[in-house]
Amino acid sequence: MQADDAVFVPIRAGAGPWTLEEVHRAPSQGFQRLLGIELREVRPDGVTAAIRIAPHHLNSVGFVHGGVLLSLADSLGAMGAVQVIGADQRTATLESKANFLRPTQGPTVVARCVPLHVGRRTSVWSTTVENERGQPVATVLQTQLHFAD
Amino acid sequence: MQADDAVFVPIRAGAGPWTLEEVHRAPSQGFQRLLGIELREVRPDGVTAAIRIAPHHLNSVGFVHGGVLLSLADSLGAMGAVQVIGADQRTATLESKANFLRPTQGPTVVARCVPLHVGRRTSVWSTTVENERGQPVATVLQTQLHFAD
Amino acid sequence: MQADDAVFVPIRAGAGPWTLEEVHRAPSQGFQRLLGIELREVRPDGVTAAIRIAPHHLNSVGFVHGGVLLSLADSLGAMGAVQVIGADQRTATLESKANFLRPTQGPTVVARCVPLHVGRRTSVWSTTVENERGQPVATVLQTQLHFAD
Amino acid sequence: MQADDAVFVPIRAGAGPWTLEEVHRAPSQGFQRLLGIELREVRPDGVTAAIRIAPHHLNSVGFVHGGVLLSLADSLGAMGAVQVIGADQRTATLESKANFLRPTQGPTVVARCVPLHVGRRTSVWSTTVENERGQPVATVLQTQLHFAD
(Lines give C-alpha, C1' and ligand atoms only; values in the text may rest on other atoms or scores of the structure.)
Protein backbone atom coordinates (compact mmCIF):
# COMPACT_ATOMS: atom_id res chain seq x y z
CA MET A 1 0.00 0.00 0.00
CA GLN A 2 1.29 3.39 -0.93
CA ALA A 3 1.95 5.05 2.40
CA ASP A 4 4.07 2.18 3.70
CA ASP A 5 7.02 3.04 1.56
CA ALA A 6 7.29 6.52 2.95
CA VAL A 7 8.98 7.43 6.20
CA PHE A 8 6.21 8.60 8.55
CA VAL A 9 6.95 11.98 10.11
CA PRO A 10 4.44 13.39 12.60
CA ILE A 11 3.27 16.80 11.46
CA ARG A 12 3.82 18.22 14.92
CA ALA A 13 6.25 17.20 17.64
CA GLY A 14 5.68 19.96 20.18
CA ALA A 15 2.61 21.54 21.78
CA GLY A 16 0.70 24.56 20.55
CA PRO A 17 -1.71 25.48 17.78
CA TRP A 18 -0.87 24.33 14.27
CA THR A 19 -0.28 26.70 11.42
CA LEU A 20 -2.56 26.53 8.38
CA GLU A 21 0.41 25.17 6.46
CA GLU A 22 0.76 22.30 8.93
CA VAL A 23 -2.94 21.46 8.73
CA HIS A 24 -2.73 21.48 4.94
CA ARG A 25 0.09 18.94 5.11
CA ALA A 26 -1.95 16.46 7.19
CA PRO A 27 -3.57 14.61 4.23
CA SER A 28 -0.17 13.92 2.68
CA GLN A 29 0.48 10.75 4.68
CA GLY A 30 -1.01 8.12 6.95
CA PHE A 31 -4.71 7.31 7.10
CA GLN A 32 -5.78 10.68 5.73
CA ARG A 33 -3.81 9.91 2.57
CA LEU A 34 -5.28 6.41 2.38
CA LEU A 35 -8.77 7.95 2.61
CA GLY A 36 -7.95 10.45 -0.11
CA ILE A 37 -8.96 13.54 1.86
CA GLU A 38 -8.81 16.71 -0.25
CA LEU A 39 -8.84 19.89 1.81
CA ARG A 40 -10.89 22.71 0.35
CA GLU A 41 -10.82 25.28 3.15
CA VAL A 42 -9.03 25.44 6.48
CA ARG A 43 -9.85 28.12 9.03
CA PRO A 44 -10.02 28.19 12.83
CA ASP A 45 -13.80 28.53 12.52
CA GLY A 46 -14.29 25.69 10.06
CA VAL A 47 -12.73 23.08 7.81
CA THR A 48 -14.13 21.76 4.51
CA ALA A 49 -12.85 18.69 2.67
CA ALA A 50 -13.94 16.15 0.09
CA ILE A 51 -13.28 12.56 -0.90
CA ARG A 52 -13.67 11.27 -4.45
CA ILE A 53 -15.33 7.91 -4.05
CA ALA A 54 -13.59 4.87 -5.53
CA PRO A 55 -14.34 1.14 -5.17
CA HIS A 56 -12.00 0.96 -2.15
CA HIS A 57 -14.36 3.27 -0.25
CA LEU A 58 -17.37 0.96 -0.57
CA ASN A 59 -19.01 -1.41 1.88
CA SER A 60 -20.14 -4.94 1.14
CA VAL A 61 -23.36 -3.88 -0.52
CA GLY A 62 -21.83 -1.25 -2.78
CA PHE A 63 -22.42 2.00 -0.90
CA VAL A 64 -19.86 4.29 0.73
CA HIS A 65 -18.70 2.55 3.93
CA GLY A 66 -19.87 4.34 7.08
CA GLY A 67 -16.27 4.27 8.27
CA VAL A 68 -15.23 6.55 5.41
CA LEU A 69 -17.71 9.18 6.60
CA LEU A 70 -16.71 8.69 10.25
CA SER A 71 -13.02 8.93 9.40
CA LEU A 72 -13.49 12.05 7.29
CA ALA A 73 -15.43 13.75 10.09
CA ASP A 74 -12.96 12.65 12.75
CA SER A 75 -10.10 14.08 10.69
CA LEU A 76 -11.83 17.41 10.23
CA GLY A 77 -12.75 17.79 13.90
CA ALA A 78 -9.14 17.25 14.86
CA MET A 79 -7.97 19.70 12.18
CA GLY A 80 -10.30 22.27 13.68
CA ALA A 81 -9.12 21.63 17.23
CA VAL A 82 -5.40 21.87 16.50
CA GLN A 83 -6.00 25.43 15.32
CA VAL A 84 -7.67 26.60 18.54
CA ILE A 85 -5.68 24.95 21.35
CA GLY A 86 -3.45 26.98 23.66
CA ALA A 87 0.29 27.47 23.28
CA ASP A 88 1.10 24.70 25.77
CA GLN A 89 -1.66 22.30 24.65
CA ARG A 90 -2.17 19.23 22.53
CA THR A 91 -5.54 17.71 21.63
CA ALA A 92 -7.08 14.24 21.51
CA THR A 93 -10.53 13.12 20.44
CA LEU A 94 -12.54 12.00 23.47
CA GLU A 95 -15.64 10.80 21.68
CA SER A 96 -17.54 10.94 18.44
CA LYS A 97 -21.19 10.36 17.51
CA ALA A 98 -22.60 9.93 14.03
CA ASN A 99 -26.07 9.69 12.57
CA PHE A 100 -26.30 8.27 9.07
CA LEU A 101 -29.05 10.01 7.13
CA ARG A 102 -29.00 8.41 3.67
CA PRO A 103 -26.79 5.99 1.73
CA THR A 104 -24.54 7.34 -1.01
CA GLN A 105 -22.38 5.96 -3.79
CA GLY A 106 -20.59 9.20 -4.55
CA PRO A 107 -19.06 10.26 -6.86
CA THR A 108 -17.87 12.58 -4.08
CA VAL A 109 -18.70 13.33 -0.46
CA VAL A 110 -18.08 16.79 0.96
CA ALA A 111 -17.76 17.48 4.68
CA ARG A 112 -18.02 20.80 6.48
CA CYS A 113 -16.88 20.93 10.12
CA VAL A 114 -17.60 23.88 12.42
CA PRO A 115 -17.09 24.41 16.15
CA LEU A 116 -20.17 24.34 18.39
CA HIS A 117 -18.09 25.28 21.40
CA VAL A 118 -14.46 26.27 21.92
CA GLY A 119 -13.38 26.31 25.54
CA ARG A 120 -10.05 26.20 27.28
CA ARG A 121 -10.23 22.51 28.20
CA THR A 122 -12.42 21.11 25.43
CA SER A 123 -13.97 21.94 22.08
CA VAL A 124 -17.02 20.41 20.37
CA TRP A 125 -17.15 20.08 16.58
CA SER A 126 -20.11 19.44 14.30
CA THR A 127 -19.53 17.95 10.85
CA THR A 128 -22.11 17.58 8.11
CA VAL A 129 -21.27 15.28 5.21
CA GLU A 130 -23.18 15.86 2.00
CA ASN A 131 -23.47 14.07 -1.31
CA GLU A 132 -22.95 15.56 -4.77
CA ARG A 133 -26.40 17.13 -4.71
CA GLY A 134 -25.97 18.83 -1.35
CA GLN A 135 -28.15 16.34 0.52
CA PRO A 136 -27.00 15.43 4.05
CA VAL A 137 -25.48 11.95 4.23
CA ALA A 138 -24.25 11.98 7.83
CA THR A 139 -23.95 14.32 10.79
CA VAL A 140 -21.17 13.90 13.35
CA LEU A 141 -20.56 15.52 16.75
CA GLN A 142 -17.19 15.07 18.45
CA THR A 143 -15.43 16.32 21.57
CA GLN A 144 -11.76 17.24 21.61
CA LEU A 145 -9.81 17.39 24.86
CA HIS A 146 -7.23 20.20 25.08
CA PHE A 147 -4.48 19.19 27.49
CA ALA A 148 -1.04 20.25 28.63
CA ASP A 149 1.54 17.54 29.29
CA MET B 1 -4.85 1.69 -5.01
CA GLN B 2 -5.34 -2.02 -4.93
CA ALA B 3 -9.08 -2.43 -4.80
CA ASP B 4 -9.69 -0.17 -7.80
CA ASP B 5 -8.45 -2.72 -10.29
CA ALA B 6 -10.97 -5.30 -9.19
CA VAL B 7 -14.55 -5.42 -10.32
CA PHE B 8 -16.68 -4.61 -7.26
CA VAL B 9 -19.40 -7.20 -6.64
CA PRO B 10 -21.76 -6.66 -3.71
CA ILE B 11 -21.66 -9.65 -1.36
CA ARG B 12 -25.44 -9.77 -1.26
CA ALA B 13 -27.99 -8.68 -3.81
CA GLY B 14 -31.20 -9.93 -2.17
CA ALA B 15 -32.70 -9.66 1.32
CA GLY B 16 -32.25 -12.09 4.19
CA PRO B 17 -29.59 -13.12 6.68
CA TRP B 18 -26.09 -13.70 5.37
CA THR B 19 -24.34 -17.03 5.60
CA LEU B 20 -21.09 -17.26 7.55
CA GLU B 21 -19.34 -17.79 4.23
CA GLU B 22 -20.73 -14.50 2.91
CA VAL B 23 -19.64 -12.61 6.03
CA HIS B 24 -16.17 -14.11 5.73
CA ARG B 25 -15.95 -12.79 2.16
CA ALA B 26 -16.71 -9.19 3.21
CA PRO B 27 -13.07 -8.15 3.93
CA SER B 28 -11.97 -9.28 0.47
CA GLN B 29 -12.86 -6.02 -1.26
CA GLY B 30 -13.82 -2.36 -0.79
CA PHE B 31 -13.09 -0.38 2.35
CA GLN B 32 -12.77 -3.45 4.56
CA ARG B 33 -9.93 -4.62 2.34
CA LEU B 34 -8.32 -1.18 2.39
CA LEU B 35 -8.45 -1.24 6.20
CA GLY B 36 -6.90 -4.70 6.30
CA ILE B 37 -9.61 -6.31 8.45
CA GLU B 38 -8.74 -9.88 9.42
CA LEU B 39 -11.71 -11.86 10.70
CA ARG B 40 -10.97 -14.16 13.61
CA GLU B 41 -14.42 -15.36 14.59
CA VAL B 42 -17.87 -14.85 13.09
CA ARG B 43 -20.99 -15.94 14.92
CA PRO B 44 -24.51 -14.52 15.25
CA ASP B 45 -23.71 -13.68 18.87
CA GLY B 46 -20.39 -11.97 18.19
CA VAL B 47 -17.69 -11.07 15.69
CA THR B 48 -13.96 -10.70 16.39
CA ALA B 49 -11.45 -9.15 14.00
CA ALA B 50 -8.01 -7.56 13.99
CA ILE B 51 -6.01 -5.02 12.01
CA ARG B 52 -2.22 -5.12 11.77
CA ILE B 53 -1.19 -1.50 12.07
CA ALA B 54 0.92 0.00 9.27
CA PRO B 55 1.96 3.61 8.59
CA HIS B 56 -1.16 4.11 6.45
CA HIS B 57 -3.31 3.61 9.56
CA LEU B 58 -1.75 6.49 11.49
CA ASN B 59 -2.95 10.01 12.20
CA SER B 60 -0.89 13.17 11.89
CA VAL B 61 0.85 12.72 15.23
CA GLY B 62 1.81 9.09 14.72
CA PHE B 63 -0.94 7.16 16.54
CA VAL B 64 -3.65 4.94 15.07
CA HIS B 65 -6.22 7.24 13.46
CA GLY B 66 -9.53 7.26 15.29
CA GLY B 67 -11.23 6.57 11.98
CA VAL B 68 -9.51 3.18 11.77
CA LEU B 69 -11.09 2.18 15.08
CA LEU B 70 -14.47 3.62 14.09
CA SER B 71 -14.38 1.86 10.74
CA LEU B 72 -13.39 -1.46 12.27
CA ALA B 73 -16.24 -1.25 14.79
CA ASP B 74 -18.74 -0.12 12.17
CA SER B 75 -17.79 -3.09 9.99
CA LEU B 76 -18.21 -5.57 12.82
CA GLY B 77 -21.57 -4.21 13.93
CA ALA B 78 -22.89 -4.60 10.40
CA MET B 79 -21.41 -8.11 10.17
CA GLY B 80 -23.28 -8.99 13.32
CA ALA B 81 -26.54 -7.52 12.10
CA VAL B 82 -26.57 -9.25 8.72
CA GLN B 83 -26.57 -12.56 10.57
CA VAL B 84 -29.67 -11.80 12.66
CA ILE B 85 -32.04 -9.99 10.28
CA GLY B 86 -35.23 -11.63 9.05
CA ALA B 87 -35.69 -13.46 5.75
CA ASP B 88 -37.19 -10.38 4.05
CA GLN B 89 -34.91 -7.81 5.67
CA ARG B 90 -31.81 -5.79 4.93
CA THR B 91 -29.90 -3.68 7.46
CA ALA B 92 -28.38 -0.19 7.59
CA THR B 93 -26.42 1.53 10.35
CA LEU B 94 -28.53 4.29 11.88
CA GLU B 95 -25.95 5.70 14.26
CA SER B 96 -22.67 5.01 15.96
CA LYS B 97 -21.02 6.40 19.11
CA ALA B 98 -17.39 5.93 20.14
CA ASN B 99 -15.39 6.76 23.22
CA PHE B 100 -11.63 6.76 22.78
CA LEU B 101 -9.96 5.46 25.92
CA ARG B 102 -6.22 5.54 25.18
CA PRO B 103 -3.98 6.16 22.16
CA THR B 104 -2.26 3.21 20.50
CA GLN B 105 0.41 2.65 17.89
CA GLY B 106 -0.26 -1.04 17.42
CA PRO B 107 1.28 -3.35 16.31
CA THR B 108 -2.29 -4.69 16.18
CA VAL B 109 -5.76 -3.72 17.33
CA VAL B 110 -8.33 -6.39 18.09
CA ALA B 111 -12.07 -5.72 18.16
CA ARG B 112 -14.82 -7.81 19.69
CA CYS B 113 -18.43 -6.97 18.80
CA VAL B 114 -21.42 -8.42 20.66
CA PRO B 115 -25.14 -7.66 20.49
CA LEU B 116 -26.69 -5.73 23.40
CA HIS B 117 -30.12 -6.13 21.91
CA VAL B 118 -31.56 -7.99 18.94
CA GLY B 119 -35.12 -7.05 18.07
CA ARG B 120 -37.23 -7.41 15.00
CA ARG B 121 -36.82 -3.82 13.82
CA THR B 122 -33.42 -2.90 15.24
CA SER B 123 -30.33 -4.35 16.88
CA VAL B 124 -27.73 -2.65 19.08
CA TRP B 125 -24.07 -3.71 18.96
CA SER B 126 -21.25 -3.03 21.39
CA THR B 127 -17.66 -3.21 20.17
CA THR B 128 -14.56 -3.06 22.34
CA VAL B 129 -11.24 -2.43 20.61
CA GLU B 130 -8.14 -3.50 22.51
CA ASN B 131 -4.44 -3.07 22.00
CA GLU B 132 -1.81 -5.83 21.94
CA ARG B 133 -1.82 -6.03 25.75
CA GLY B 134 -5.57 -6.38 26.09
CA GLN B 135 -6.10 -2.79 27.24
CA PRO B 136 -9.25 -1.07 25.96
CA VAL B 137 -8.50 1.50 23.26
CA ALA B 138 -12.06 2.40 22.24
CA THR B 139 -15.64 1.37 22.92
CA VAL B 140 -18.35 1.77 20.28
CA LEU B 141 -22.14 1.43 20.42
CA GLN B 142 -24.13 1.33 17.19
CA THR B 143 -27.74 0.82 16.13
CA GLN B 144 -28.69 -1.20 13.06
CA LEU B 145 -32.08 -0.77 11.42
CA HIS B 146 -33.66 -3.97 10.06
CA PHE B 147 -36.01 -3.11 7.21
CA ALA B 148 -38.00 -4.76 4.45
CA ASP B 149 -38.14 -3.05 1.08
CA MET C 1 -46.08 14.52 44.40
CA GLN C 2 -48.63 16.38 42.38
CA ALA C 3 -49.11 14.18 39.34
CA ASP C 4 -49.76 11.07 41.41
CA ASP C 5 -53.18 12.14 42.44
CA ALA C 6 -54.37 12.43 38.89
CA VAL C 7 -55.60 9.56 36.77
CA PHE C 8 -53.02 9.06 34.04
CA VAL C 9 -54.55 8.99 30.57
CA PRO C 10 -52.24 8.42 27.61
CA ILE C 11 -52.57 11.29 25.13
CA ARG C 12 -52.89 8.83 22.25
CA ALA C 13 -54.19 5.30 22.18
CA GLY C 14 -54.10 4.59 18.45
CA ALA C 15 -51.54 5.03 15.70
CA GLY C 16 -51.05 8.04 13.45
CA PRO C 17 -49.73 11.58 13.65
CA TRP C 18 -50.78 13.67 16.60
CA THR C 19 -52.72 16.88 16.24
CA LEU C 20 -51.19 20.11 17.51
CA GLU C 21 -53.82 20.08 20.23
CA GLU C 22 -52.66 16.65 21.39
CA VAL C 23 -49.02 17.74 21.46
CA HIS C 24 -49.98 20.81 23.46
CA ARG C 25 -51.65 18.58 26.03
CA ALA C 26 -48.50 16.48 26.60
CA PRO C 27 -46.97 18.68 29.34
CA SER C 28 -50.16 18.49 31.41
CA GLN C 29 -49.25 15.22 33.13
CA GLY C 30 -46.54 12.70 33.85
CA PHE C 31 -42.83 13.50 33.69
CA GLN C 32 -43.28 16.48 31.40
CA ARG C 33 -45.46 18.08 34.07
CA LEU C 34 -42.95 17.22 36.79
CA LEU C 35 -40.23 18.89 34.72
CA GLY C 36 -42.39 21.97 34.20
CA ILE C 37 -42.14 22.04 30.42
CA GLU C 38 -43.79 25.13 28.93
CA LEU C 39 -44.45 24.84 25.20
CA ARG C 40 -43.82 27.97 23.22
CA GLU C 41 -44.21 26.77 19.64
CA VAL C 42 -45.26 23.45 18.12
CA ARG C 43 -44.91 22.78 14.41
CA PRO C 44 -44.02 19.72 12.34
CA ASP C 45 -40.73 21.42 11.47
CA GLY C 46 -39.79 22.40 15.00
CA VAL C 47 -40.77 22.59 18.66
CA THR C 48 -39.69 25.23 21.18
CA ALA C 49 -40.17 24.96 24.95
CA ALA C 50 -38.80 26.37 28.18
CA ILE C 51 -38.37 25.39 31.81
CA ARG C 52 -38.28 27.91 34.65
CA ILE C 53 -35.52 26.66 36.90
CA ALA C 54 -36.37 25.96 40.55
CA PRO C 55 -34.32 24.28 43.31
CA HIS C 56 -35.80 20.89 42.35
CA HIS C 57 -34.04 21.14 38.96
CA LEU C 58 -30.56 21.45 40.45
CA ASN C 59 -27.75 18.93 40.81
CA SER C 60 -25.65 18.39 43.92
CA VAL C 61 -23.38 21.35 43.26
CA GLY C 62 -26.15 23.84 42.55
CA PHE C 63 -26.35 23.92 38.75
CA VAL C 64 -29.17 22.68 36.51
CA HIS C 65 -28.99 18.86 36.52
CA GLY C 66 -27.92 17.43 33.17
CA GLY C 67 -30.95 15.17 33.32
CA VAL C 68 -33.25 18.18 33.13
CA LEU C 69 -31.67 19.21 29.83
CA LEU C 70 -31.68 15.62 28.53
CA SER C 71 -35.32 15.16 29.51
CA LEU C 72 -36.38 18.43 27.93
CA ALA C 73 -34.64 17.53 24.66
CA ASP C 74 -35.99 13.99 24.69
CA SER C 75 -39.52 15.33 25.15
CA LEU C 76 -39.18 17.79 22.28
CA GLY C 77 -37.73 15.22 19.86
CA ALA C 78 -40.66 12.94 20.54
CA MET C 79 -43.10 15.84 20.13
CA GLY C 80 -41.55 16.52 16.75
CA ALA C 81 -41.71 12.89 15.68
CA VAL C 82 -45.35 12.32 16.59
CA GLN C 83 -46.27 15.07 14.14
CA VAL C 84 -44.50 13.50 11.15
CA ILE C 85 -45.20 9.75 11.46
CA GLY C 86 -47.46 7.94 9.01
CA ALA C 87 -51.13 7.19 9.53
CA ASP C 88 -50.42 3.63 10.69
CA GLN C 89 -47.30 4.45 12.71
CA ARG C 90 -46.20 5.04 16.28
CA THR C 91 -42.77 6.29 17.34
CA ALA C 92 -40.18 5.39 19.97
CA THR C 93 -36.84 7.00 20.79
CA LEU C 94 -34.02 4.67 19.73
CA GLU C 95 -31.13 6.70 21.04
CA SER C 96 -30.06 10.11 22.24
CA LYS C 97 -26.70 11.87 22.45
CA ALA C 98 -25.95 15.06 24.35
CA ASN C 99 -22.98 17.37 24.62
CA PHE C 100 -23.00 19.73 27.59
CA LEU C 101 -21.46 23.06 26.61
CA ARG C 102 -21.64 25.19 29.76
CA PRO C 103 -23.20 24.98 33.20
CA THR C 104 -26.26 27.07 33.95
CA GLN C 105 -28.33 28.03 36.97
CA GLY C 106 -31.25 29.46 35.04
CA PRO C 107 -33.48 31.32 35.69
CA THR C 108 -34.80 29.63 32.54
CA VAL C 109 -33.59 27.24 29.87
CA VAL C 110 -35.07 27.36 26.39
CA ALA C 111 -34.86 24.47 23.94
CA ARG C 112 -35.42 24.52 20.20
CA CYS C 113 -35.78 21.16 18.42
CA VAL C 114 -35.66 20.79 14.63
CA PRO C 115 -35.58 17.74 12.35
CA LEU C 116 -32.29 16.93 10.62
CA HIS C 117 -33.92 14.13 8.69
CA VAL C 118 -37.49 12.87 8.32
CA GLY C 119 -37.76 9.52 6.61
CA ARG C 120 -40.42 6.88 6.45
CA ARG C 121 -38.80 4.56 8.99
CA THR C 122 -36.86 7.00 11.17
CA SER C 123 -36.40 10.68 11.91
CA VAL C 124 -33.43 12.49 13.47
CA TRP C 125 -33.93 15.52 15.69
CA SER C 126 -31.47 18.15 16.83
CA THR C 127 -32.16 20.16 19.98
CA THR C 128 -30.22 23.16 21.20
CA VAL C 129 -30.78 24.26 24.78
CA GLU C 130 -29.87 27.85 25.60
CA ASN C 131 -29.64 29.90 28.75
CA GLU C 132 -31.32 33.25 29.42
CA ARG C 133 -28.66 35.07 27.40
CA GLY C 134 -29.00 32.89 24.31
CA GLN C 135 -25.78 30.99 24.99
CA PRO C 136 -25.81 27.27 24.13
CA VAL C 137 -25.96 25.07 27.23
CA ALA C 138 -26.39 21.68 25.58
CA THR C 139 -26.89 20.15 22.15
CA VAL C 140 -28.77 16.88 21.70
CA LEU C 141 -29.22 14.56 18.71
CA GLN C 142 -31.81 11.78 18.86
CA THR C 143 -33.22 9.15 16.56
CA GLN C 144 -36.92 8.24 16.49
CA LEU C 145 -38.11 4.94 15.06
CA HIS C 146 -41.40 5.09 13.15
CA PHE C 147 -43.07 1.72 13.28
CA ALA C 148 -46.37 0.05 12.47
CA ASP C 149 -47.67 -2.58 14.87
CA MET D 1 -43.24 21.09 44.58
CA GLN D 2 -41.59 19.61 47.59
CA ALA D 3 -37.94 20.53 47.14
CA ASP D 4 -38.68 24.22 46.62
CA ASP D 5 -39.40 24.88 50.24
CA ALA D 6 -35.99 23.68 51.35
CA VAL D 7 -32.87 25.77 51.36
CA PHE D 8 -30.59 24.31 48.70
CA VAL D 9 -27.09 23.61 49.98
CA PRO D 10 -24.53 22.22 47.53
CA ILE D 11 -23.13 18.94 48.83
CA ARG D 12 -19.60 20.09 48.12
CA ALA D 13 -18.12 23.57 48.01
CA GLY D 14 -14.44 22.75 47.56
CA ALA D 15 -12.48 20.51 45.22
CA GLY D 16 -11.47 16.90 45.83
CA PRO D 17 -13.06 13.47 45.92
CA TRP D 18 -16.32 13.09 47.77
CA THR D 19 -16.73 10.83 50.76
CA LEU D 20 -19.23 7.99 50.59
CA GLU D 21 -21.30 9.90 53.10
CA GLU D 22 -21.44 12.92 50.80
CA VAL D 23 -22.47 10.80 47.82
CA HIS D 24 -25.20 9.20 49.92
CA ARG D 25 -26.56 12.65 50.72
CA ALA D 26 -26.91 13.62 47.04
CA PRO D 27 -30.45 12.22 46.53
CA SER D 28 -31.76 14.22 49.48
CA GLN D 29 -32.42 17.40 47.50
CA GLY D 30 -32.71 18.94 44.04
CA PHE D 31 -33.44 16.95 40.89
CA GLN D 32 -32.23 13.65 42.35
CA ARG D 33 -34.89 14.00 45.05
CA LEU D 34 -37.54 14.92 42.49
CA LEU D 35 -36.62 11.78 40.53
CA GLY D 36 -36.83 9.66 43.66
CA ILE D 37 -33.37 8.10 43.33
CA GLU D 38 -32.74 5.43 45.96
CA LEU D 39 -29.08 4.51 46.35
CA ARG D 40 -28.39 0.84 46.87
CA GLU D 41 -24.60 0.68 46.67
CA VAL D 42 -21.92 3.35 46.35
CA ARG D 43 -18.31 2.43 45.67
CA PRO D 44 -15.52 4.01 43.61
CA ASP D 45 -15.83 1.10 41.18
CA GLY D 46 -19.59 1.27 40.78
CA VAL D 47 -22.88 2.78 41.88
CA THR D 48 -26.28 1.07 41.95
CA ALA D 49 -29.60 2.86 42.41
CA ALA D 50 -33.30 2.40 41.78
CA ILE D 51 -36.41 4.47 41.13
CA ARG D 52 -39.91 3.31 42.08
CA ILE D 53 -42.05 4.30 39.12
CA ALA D 54 -45.05 6.55 39.77
CA PRO D 55 -47.38 8.35 37.33
CA HIS D 56 -45.12 11.40 37.41
CA HIS D 57 -42.35 9.34 35.77
CA LEU D 58 -44.39 8.47 32.69
CA ASN D 59 -44.37 9.84 29.15
CA SER D 60 -47.41 10.77 27.10
CA VAL D 61 -48.18 7.20 26.08
CA GLY D 62 -47.88 5.69 29.55
CA PHE D 63 -44.35 4.29 29.66
CA VAL D 64 -41.41 5.47 31.74
CA HIS D 65 -40.16 8.71 30.15
CA GLY D 66 -36.75 8.34 28.51
CA GLY D 67 -35.63 11.37 30.47
CA VAL D 68 -36.09 9.47 33.74
CA LEU D 69 -33.63 6.82 32.54
CA LEU D 70 -31.22 9.44 31.18
CA SER D 71 -31.37 11.43 34.41
CA LEU D 72 -30.81 8.36 36.56
CA ALA D 73 -27.78 7.33 34.50
CA ASP D 74 -26.39 10.87 34.44
CA SER D 75 -26.69 11.06 38.22
CA LEU D 76 -24.89 7.76 38.72
CA GLY D 77 -22.04 8.58 36.35
CA ALA D 78 -21.41 11.79 38.24
CA MET D 79 -21.59 9.94 41.57
CA GLY D 80 -18.95 7.59 40.27
CA ALA D 81 -16.71 10.38 39.05
CA VAL D 82 -16.77 12.43 42.24
CA GLN D 83 -15.25 9.45 44.03
CA VAL D 84 -12.25 9.11 41.70
CA ILE D 85 -11.17 12.70 40.96
CA GLY D 86 -7.92 14.11 42.33
CA ALA D 87 -7.53 16.19 45.46
CA ASP D 88 -7.55 19.46 43.50
CA GLN D 89 -10.21 18.47 40.99
CA ARG D 90 -13.91 18.89 40.31
CA THR D 91 -15.87 17.08 37.61
CA ALA D 92 -18.44 17.96 34.96
CA THR D 93 -20.29 15.75 32.48
CA LEU D 94 -19.01 16.43 28.97
CA GLU D 95 -21.39 14.18 27.09
CA SER D 96 -23.81 11.32 27.41
CA LYS D 97 -25.17 8.75 24.95
CA ALA D 98 -28.12 6.45 25.53
CA ASN D 99 -29.64 3.55 23.63
CA PHE D 100 -33.18 2.63 24.62
CA LEU D 101 -33.64 -1.13 24.40
CA ARG D 102 -37.23 -1.75 25.45
CA PRO D 103 -40.10 0.25 26.95
CA THR D 104 -40.99 -0.26 30.61
CA GLN D 105 -43.76 0.72 32.96
CA GLY D 106 -42.00 -0.27 36.15
CA PRO D 107 -42.82 -0.87 38.94
CA THR D 108 -39.10 -0.13 39.42
CA VAL D 109 -36.03 0.54 37.31
CA VAL D 110 -32.60 -0.38 38.63
CA ALA D 111 -29.39 1.15 37.27
CA ARG D 112 -25.84 -0.09 37.68
CA CYS D 113 -23.01 2.26 36.71
CA VAL D 114 -19.38 1.12 36.35
CA PRO D 115 -16.27 2.88 35.05
CA LEU D 116 -14.95 1.84 31.64
CA HIS D 117 -11.94 4.09 32.06
CA VAL D 118 -10.59 6.23 34.88
CA GLY D 119 -7.83 8.59 33.83
CA ARG D 120 -6.36 11.72 35.32
CA ARG D 121 -8.22 14.13 33.02
CA THR D 122 -11.37 12.18 32.21
CA SER D 123 -13.38 9.11 33.16
CA VAL D 124 -15.91 7.14 31.13
CA TRP D 125 -18.92 5.50 32.80
CA SER D 126 -21.25 2.82 31.53
CA THR D 127 -24.73 2.50 33.04
CA THR D 128 -27.19 -0.29 32.39
CA VAL D 129 -30.80 0.26 33.44
CA GLU D 130 -32.90 -2.84 33.95
CA ASN D 131 -36.53 -3.51 34.61
CA GLU D 132 -38.00 -5.59 37.44
CA ARG D 133 -37.17 -8.82 35.62
CA GLY D 134 -33.53 -7.97 34.99
CA GLN D 135 -34.05 -7.16 31.32
CA PRO D 136 -32.03 -4.24 29.92
CA VAL D 137 -34.13 -1.14 29.35
CA ALA D 138 -31.38 1.32 28.43
CA THR D 139 -27.62 1.53 28.21
CA VAL D 140 -25.80 4.83 28.72
CA LEU D 141 -22.18 5.88 28.17
CA GLN D 142 -20.96 9.21 29.54
CA THR D 143 -17.70 11.11 29.80
CA GLN D 144 -16.73 13.10 32.88
CA LEU D 145 -14.09 15.82 32.71
CA HIS D 146 -11.82 16.08 35.76
CA PHE D 147 -10.52 19.62 36.06
CA ALA D 148 -8.68 21.86 38.47
CA ASP D 149 -9.80 25.47 38.77
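Letters A, B, C and D mark the chains in the order given here, with residues in each chain numbered from 1 onward.
Please note the rule applied: a residue touches a chain if its C-beta (ideal position, glycine included) is under 8 Å from a C-beta of that chain, and two chains touch if they have at least 3 such contacts.
Since the structure is predicted, the reported quantities are computational estimates derived from the model, not experimental observations.
> More C-beta contacts across A-B or across A-D?
A-B
> Counting residue numbers used by both copies over all numbers at the interface, does the chain B-chain C contact come out same (over half shared) or different (under half)?
same
> Roughly how many whole angstrom separate the Cα centroids of chain A and chain B?
20
> Could you state the distance in Å from the CA-based centre of chain A to that of chain D?
Chain centres of chain A and chain D, defined by C-alpha means, are spaced 33 Å apart.
> Can you pull out the residues of chain B that are in contact with at least two other chains?
94-95, 97, 99, 143
> Show me the residue ranges of chain A that touch chain C in the complex, using the header's touch definition.
97, 99, 101-102, 116-117, 124, 126, 136, 139, 141, 143
> Which stretch or stretches of chain A touch chain B in the complex?
Counting only chain A, the residues touching chain B are 1-4, 6, 8, 10-12, 26, 29-35, 54-62, 65-68, 70-72, 74-75, 78, 90, 92-100, 103.
> Which positions of chain B touch chain C when the two form their complex?
Residue positions touching the partner: 94-95, 97, 121-122, 143, 145, 147.
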